[in-house]
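Next, two complexes with chain A in common: one pairs it with chain B, the other with chain C.
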Partner chain A sequence: LDYQHVQVPFEITLWIMLASLAKIGFHLYNKLPPVVTESCLLIFVGLIMGGIIYGLNDRSPPVMDSDIFFLYLLPPIVLDAGYFMPSRPFFENIGTILLYAVVGTIWNVFGIGFSLYGICQVRAFRLQDVSLLHNLLFGSLIAAVDPVAVLAVFEEIHVNEKLHILVFGESLLNDAVTVVLYKLFRSFCEMPTIKTVDVFAGVGKFFVVGLGGVLVGLSFGFTAAFTTRFTKDIRVIEPLFVFLYSYLSYLTAEMFHLSGIVAIIACAMGMKRYVEANISLKSHTTVKYFMKMWSSVSDTLIFIFLGVSTIGENHEWNWPYICFTVIFCLVWRALGVLVLTFFVNRFHVNTITSKDQFIIAYGGLRGAICFSLVFLLPEFHRKKLFIAATTVVILFTVFVQGMTIRPLVDLLAVKRKRESAPTVGEQIHIRFLDHLLAGIEDISGHWGQYYWKDKLEYFNSKYLQKILLREYDQPKSSIVLLYEKLERKHAIELAEAGQLGHGPAHPSLLGFGFLCSSNDRTVRTDQKLEDTQNPDVLDNMQEILARNLYRIRRTGPAYNRHTLPGEPEPSEHAKEILILRHKSL
Partner chain B sequence: SVSHSQITRLYSRFTSLDKGENGTLSREDFQRIPELAINPLGDRIINAFFPEGEDQVNFRGFMRTLAHFRPIEDNEKSKDQNGPEPLNSRSNKLHFAFRLYDLDKDDKISREELLQVLRMMVGVNISDEQLGSIADRTIQEADQDGDSAISFAEFVKVLEKVDVEQKMSIRFLH
Partner chain C sequence: LDYQHVQVPFEITLWIMLASLAKIGFHLYNKLPPVVTESCLLIFVGLIMGGIIYGLNDRSPPVMDSDIFFLYLLPPIVLDAGYFMPSRPFFENIGTILLYAVVGTIWNVFGIGFSLYGICQVRAFRLQDVSLLHNLLFGSLIAAVDPVAVLAVFEEIHVNEKLHILVFGESLLNDAVTVVLYKLFRSFCEMPTIKTVDVFAGVGKFFVVGLGGVLVGLSFGFTAAFTTRFTKDIRVIEPLFVFLYSYLSYLTAEMFHLSGIVAIIACAMGMKRYVEANISLKSHTTVKYFMKMWSSVSDTLIFIFLGVSTIGENHEWNWPYICFTVIFCLVWRALGVLVLTFFVNRFHVNTITSKDQFIIAYGGLRGAICFSLVFLLPEFHRKKLFIAATTVVILFTVFVQGMTIRPLVDLLAVKRKRESAPTVGEQIHIRFLDHLLAGIEDISGHWGQYYWKDKLEYFNSKYLQKILLREYDQPKSSIVLLYEKLERKHAIELAEAGQLGHGPAHPSLLGFGFLCSSNDRTVRTDQKLEDTQNPDVLDNMQEILARNLYRIRRTGPAYNRHTLPGEPEPSEHAKEILILRHKSL
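Right, the complex of A and B next:
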């Protein structure tokens, strides 16, 4: 029995297997009320596992190594989030998101740090030796809202797009602030004296970290797009490039002490447009599926490890400190959201209502990032206290807040997101309005978001597309792409309904050209439309299309951990695959 | 109504555009704005400022057109139900956009008019046939009374899920 030889990969695989089986188990066993979120169940499983290991070995179970978390478990989730992030609402609300992420996090850090220091002064709690700097350090790691936890909970409650993007965007971008403050306070802890110069250096560092992350991400993203321009003959490894470049951007940013999360998001958002145009349809599907798969596994593992690490002798249970930590986290977040929203609403037409504010404040969940950061703290005599407090805060937010947020949302009847994808007409009219508003802005001399959007589009079409796209001489606007996609779907529906008949010839149907091509998404010109298989079929198709136009399938919410965007229900998807296979025979 | 500071700001913008310094703007004055030249809808937007058949627009007309793009304020929504609808109501905003489509002013967007706009917005690499299919589809989606054109009511219906109030507002016209 050569266990030593395979131990490490074997154990890793076993853990992943456990995570996946747990997931199957939850979906099979539907009897739990919908209130209990998946993350809660996973932590519970982790707790049980931890308990078992503790009981068997009589020592603390393996604590999740911070390196494993930051280097292997976190990147897939953030990449998934960044890649599928709907860019239009993100950039429309970028000001608000940045405000919440930066100012809100700083507010929380200092608020929590100072108030906990105040608590430490109370003699009865025996916490005198926890210095202000330690409290601020603790504040910096506990204040940040965690994207993993937020994602896990918010995808189950389906709030409207704007709210979702606000909380979600904030949770991703506050990483830059967290990184800077955490490292700053940690280095302060080790320095004998702190000069004001150091404080200013810290502030400057924040800009470097954030902007540097974006730059690193964008450069890797564009390099990835450029690389995919030449992959026409080796389609098989196209998906690999997407992942390699993204991971590299994360690691490079971390290497330079910049924000890895911001880098990977910038990379994903920057390359998405060009890569999708360059790679084949199959590669595209592969990329999407792998991303979902990895992020799903990571997500599950993180929560299980959280549960496992809770058991053990790592904690010092000083209940006053812990309770006050939880209270202050809630209070300061609520205050921060209130104050910031007040400012935001003065400048925006579309105000954030008080119901929305409640959801934003209540949805500020803490998760595994805090947990890993606390284990990374230097060893000092009060570290276990912090570990205990972090554990309780995370468990509280995930269990209590996570489980009660759905009933509360229902109670407050927050505006739910629209359930359908935009139709061709809508897409056209929206674009029309965009142009109109840009023009009006130019005339009135006001530079709003449309100005930057137009400028960016101009830059894009003039320079970027030429360099980064393989077939740049035939750019297609998103209206045409959407139309093609819908036509394709309809044609498939019709094929499935078995209504492919014969009729008079009608050569100019856009959709059929795409059905006949292989799944390769190279651009079709007019000439190729004519060499379709059977012109008779086309006309009948068109009539049938016309009759069936209102049967557009509904897509799910914009971001969902478990399904790809735009995916139909599993059973219809299966039918589609069958039909496509049937056609290729 | 627009606040005093905004009127001042708009007036200074008006005068800076008015190169001839005669208190009115002509089409050339608008066309001198560089960003407008690369806007696909540039000409139509400029035309929207000029009243029927005229070649000059004064400050009052300038303001009136821009007033469509004022944000809708909450306190305005409830008051004055009996008076005339304010220019920046959702309906009037949409009507402004509708008029940009509907050049012959027959209160319908015909297939031809839609094609023209599409052609402007989509670029030269799409064939006429493809564009025609898209236009047909758009009309089919919106058309409810079967006249193969989009009336104003149908136009409004297509955009009912879009947050027009926010989209068609320029913040600084508060």
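Right, the complex of A and C next:
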């Protein structure tokens, strides 16, 4: 037996296997009450495993290594989050998200830090040896909302899109603030005296760390897109580039002490649309599947490790400090959300309701990032107290808040996510309004969201697409793509029912119908025809749709401020007419 | 800048990136003469990189770590090879393959070892200090044909299936022999005296190492299949199990000093059909894609590392020893193939031609396995000579043999792989003949290949499928599956051409047609109807096919010795008739 030789890969594989089997187990065993979230169960499994290891070895089980967490477990989750981030609600609420992430986190850090320092001054608690700086350092690591924990809980409760993106976006973007403050206070702890210059340098670092991360991410993202231009002959390694470049962006950002999380999100969001257009459909399925798989395994491992690491002898218990930490975390977050939302609502028409505010405040879960940061603290005599307090805060937020948030969402009747995808009519209206608003902003000289979006779209179609896309074509409208997809689905259904070319069209397809003509630029939509199940009408519409498919395909976006309506190529046009004529005869 | 922190993952990612970019580069830059194979170019890139590192650092570049090679780079390639192994030709030629792999390798080891010992006795060469045992040890590592190198070359030259499987199968299965002989001679080198018992124990080990590997692999494979029964609710982690279990089988086999390569192949071949039936189509695409991607990256990295490791100061040059090594490798292999094939041909109707024998002998490429094994040798004063000789043999086989084999295949007009897939008619005939031969063997009491295959199939359908498959159904015949696939493809084509439900059926689909009835068990095939492009006939056939699809789907294999023809469920049957009636009205 030669265990030494294979130990490292063997144990890694076994841990992943345990995580996967645990996941399967929970999905099979569905007798648990619905409030019990998966993250709680996983931590519970981890606690049991930690207990077993502790009992067998009679010493503390290995704690989660911060390096393993930050270098291997966190990136897949953040990549997944960035790649599947719904970009529209994210950019619509970017101002609010940044306000929560930057100002909110600073508020929480200083609030928690100073008030804990106040607690330390009470003589009866015997905490006078904890300095203000150490309290602020602790505040900086405990204040940040954790993306992994938030994602795990919010994916299960299905709140409305805006609420979800506010909490989740904040948890992702506050990384830049946390990194800066944590490192700032850590270096202050080690400095003999602190000069005013250092404090100002710290403030300047915010921008460097955040914007630097975005820049690193975007440059890697665009390089990735550019690389996939040349993979046509060797499709099989296409998915690799998505993973390699985003991981490199994360590592590079970490190397320069920038925010890795921000970098990887920028990279994923930047490359997504170009990569998707360049790589084959199967490569894309692989990318999506592997991303989901990886992040789900990482997520499971993190919660199990959290549980395992909790058991052991590295805790120092002090009731007042730990209790007040939990209370201050809750109170300062609630206050911060209230105050910031007050300002946000003054400048927005579409306000954040008080119910939503409650869920934002209550959804501020802490997780593995705090845990890894507290273990990275330099050795000092109260480190074990900080570890204990962090563990309690994490367990409290994940168990108590995580398990009660779903009943609370039900009780308050918080607006839920709509289950159905937007109808074609809605899509058309949304696009129409976008162009309208961009035009209004342009005329009134207001540099608003739509103005910038339009400019960006122009820059994208004029330069980026030409450089980054292999086959630069007039992009297909999403409506046309949808129609093609439905038509294909319908065809497969027919083939499977053995009715190809014989039976009447499947009625479910005809729940929507539209006629889109590129020449007179009219868009007519007739939706929800389920009342008129008259087969003749349906047949007729199906006919029209099928006949017009060729022309629809060549339709560009309905309106574009920067291009004249392109002349259809005469030969193409003539050919098309000929085909249609021929068919109708 | 904090490079230390991210060094390990950063450098790994960069190496993979380099490998992928090199691969893209070769596919883009197609001005090279066609004889230059990818593996040669990759070694060349490695040589250049090694030279650069050597020039910059003024010390030897890092050699390929044997642990990294055996634990991380080799498994993906072997998994890919095992998973996509064409099982029919493999099992049809298993006897010949085993003969080449076991007897042939032993022949080569002792042949090369003893004749090199003879060379060492020549006083003028100054090699008298190399003992017989060391020569045999060297022979055991240099004799084995390398699967990675063989795959890289044979995938490009497209020889016929039998020839390919003979060389490739040998290169995979000789691992068990190499492992045993190498470890045996290594332990003999360290022993003071060698007893006869030790030699017999060594012979016994062959069976333990080989059969043990098969057992470990199969048990992990079946566990994997069993696990995927329960992943219905959590599709996203399905692909993971394929990789985890096969990797675990490899590691477990290595841990017990069994053949890891044999284990992972047995695991992959054992689980494939069950896993494929259990997991979703998208999961399967991901599995296939990732396997190909991983193995192709591993493969690229191995050749680059080979090049890099060649540069440096760990070589001792001795002209006669190195030249005679190359010559003996060629001569003994050629002799071995000739002698073994003589015996093989006496017992087979379908003989191996002399051209094929030449290619088998000439295609015995050496690669990274020899290279890793030679670095694993215990330190002794002639190790550097062995390293030099191994490097030269590898470079000689990969460059000279690898580059000339394609022109030789052209020159000798070796039978090529047929480009087209077998037609439906052929498939039916093959299956018919299989059943016929199984019946003949059964009646004549001969325990031949078909007899065992039939028994295995019976065991499979009676026990294994019921345990390992989620939805145990009468398995669909491959012909029906093909028909369904074509029908679906046709439907998509129609939908994309905008003719769904209107135009006549696509003629290309009707290149074949068949009618398969489950009741009277007749199979009629009408193939290659391209002459009769009469649309009426085609339409009629399309009609018959479409009408019969439902019934076809429920058809089991055309003949099964172990089951009675099952009664169709009456209600199902009635419903079906009703539907057909309804449609024809």
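One rule holds in what follows: the second predicted complex is superposed on the first by the 490 of 585 C-alpha atoms of A that agree within 3 Å, B and C clash if a C-alpha of one lies under 4 Å from a C-alpha of the other, contacts with A are read in each partner's own complex, and residues count from 1 in each chain.
The rule we apply is simple: contacts are C-beta pairs under 8 Å (C-beta built on N, C-alpha and C of every residue); 3 or more make two chains touch, one makes a residue touch a chain.
Small disclaimer: the values here were computed from a predicted structure and weren't measured.
**Q** Have a look and say if chain B or chain C is in touch with more residues of chain A.
**A** C
**Q** What is the contact status of A:380 with respect to chain B (first) and chain C (second): first, second, both, or neither?
**A** Neither partner.
**Q** Where does A:257 make contact in the superposed view: on chain B (first), on chain C (second), on both, or on neither?
**A** Once the two structures are laid over each other on A, A:257 reaches chain C alone.
**Q** With both complexes overlaid on chain A, does A:72 touch chain B (first), chain C (second), both or neither?
**A** second
**Q** Classify the contacts of A:236 with the two partner chains as first (chain B alone), second (chain C alone), both, or neither.
**A** In the superposition, A:236 contacts chain C only.
**Q** Quick check for you: in the superposed arrangement, does A:428 touch first (chain B), second (chain C), both or neither?
**A** It touches chain B, and chain C stays clear.
**Q** Please indicate which partner A:443 is in contact with in the superposed arrangement: first for chain B, second for chain C, both, or neither.
**A** First partner only.
**Q** Considering only the touch criterion stated at the top, classify A:463 as touching first (chain B), second (chain C), both, or neither.
**A** neither
**Q** Enumerate the residues of chain A that count as touching chain B in its complex and touching chain C in the other.
**A** 546, 549
**Q** Spell out the residues on chain B that touch chain A in their complex, using ranges where they run on.
**A** Spelled out, the residues of chain B in touch with chain A are 10, 13, 16-17, 30, 33, 35-36, 38-42, 45, 49, 66, 69, 71-72, 97, 100-101, 117-118, 121-123, 125-127, 129-130, 132-134, 137-138, 140-142, 155, 158-159, 161-173.
**Q** Would you mind writing out the residues of chain A in touch with chain B in their complex?
**A** Of all residues in chain A, those touching chain B are 347-350, 418, 420, 423-426, 428-446, 448, 451, 454, 458, 473-477, 479-480, 483, 508-510, 525-526, 529, 546, 549.
**Q** Name, in rising order, each residue of chain C that touches chain A in their complex.
**A** Residue positions touching the partner: 1-3, 5-6, 8-10, 13-14, 16-17, 20-21, 23-24, 27-28, 67, 71-72, 227, 230-231, 233-234, 236-237, 239-241, 244, 247-248, 251-252, 254-257, 282-283, 285-286, 289-290, 292-293, 296-297, 484, 487-488, 490-492, 494-496, 498-505, 542-543, 546-550, 583.
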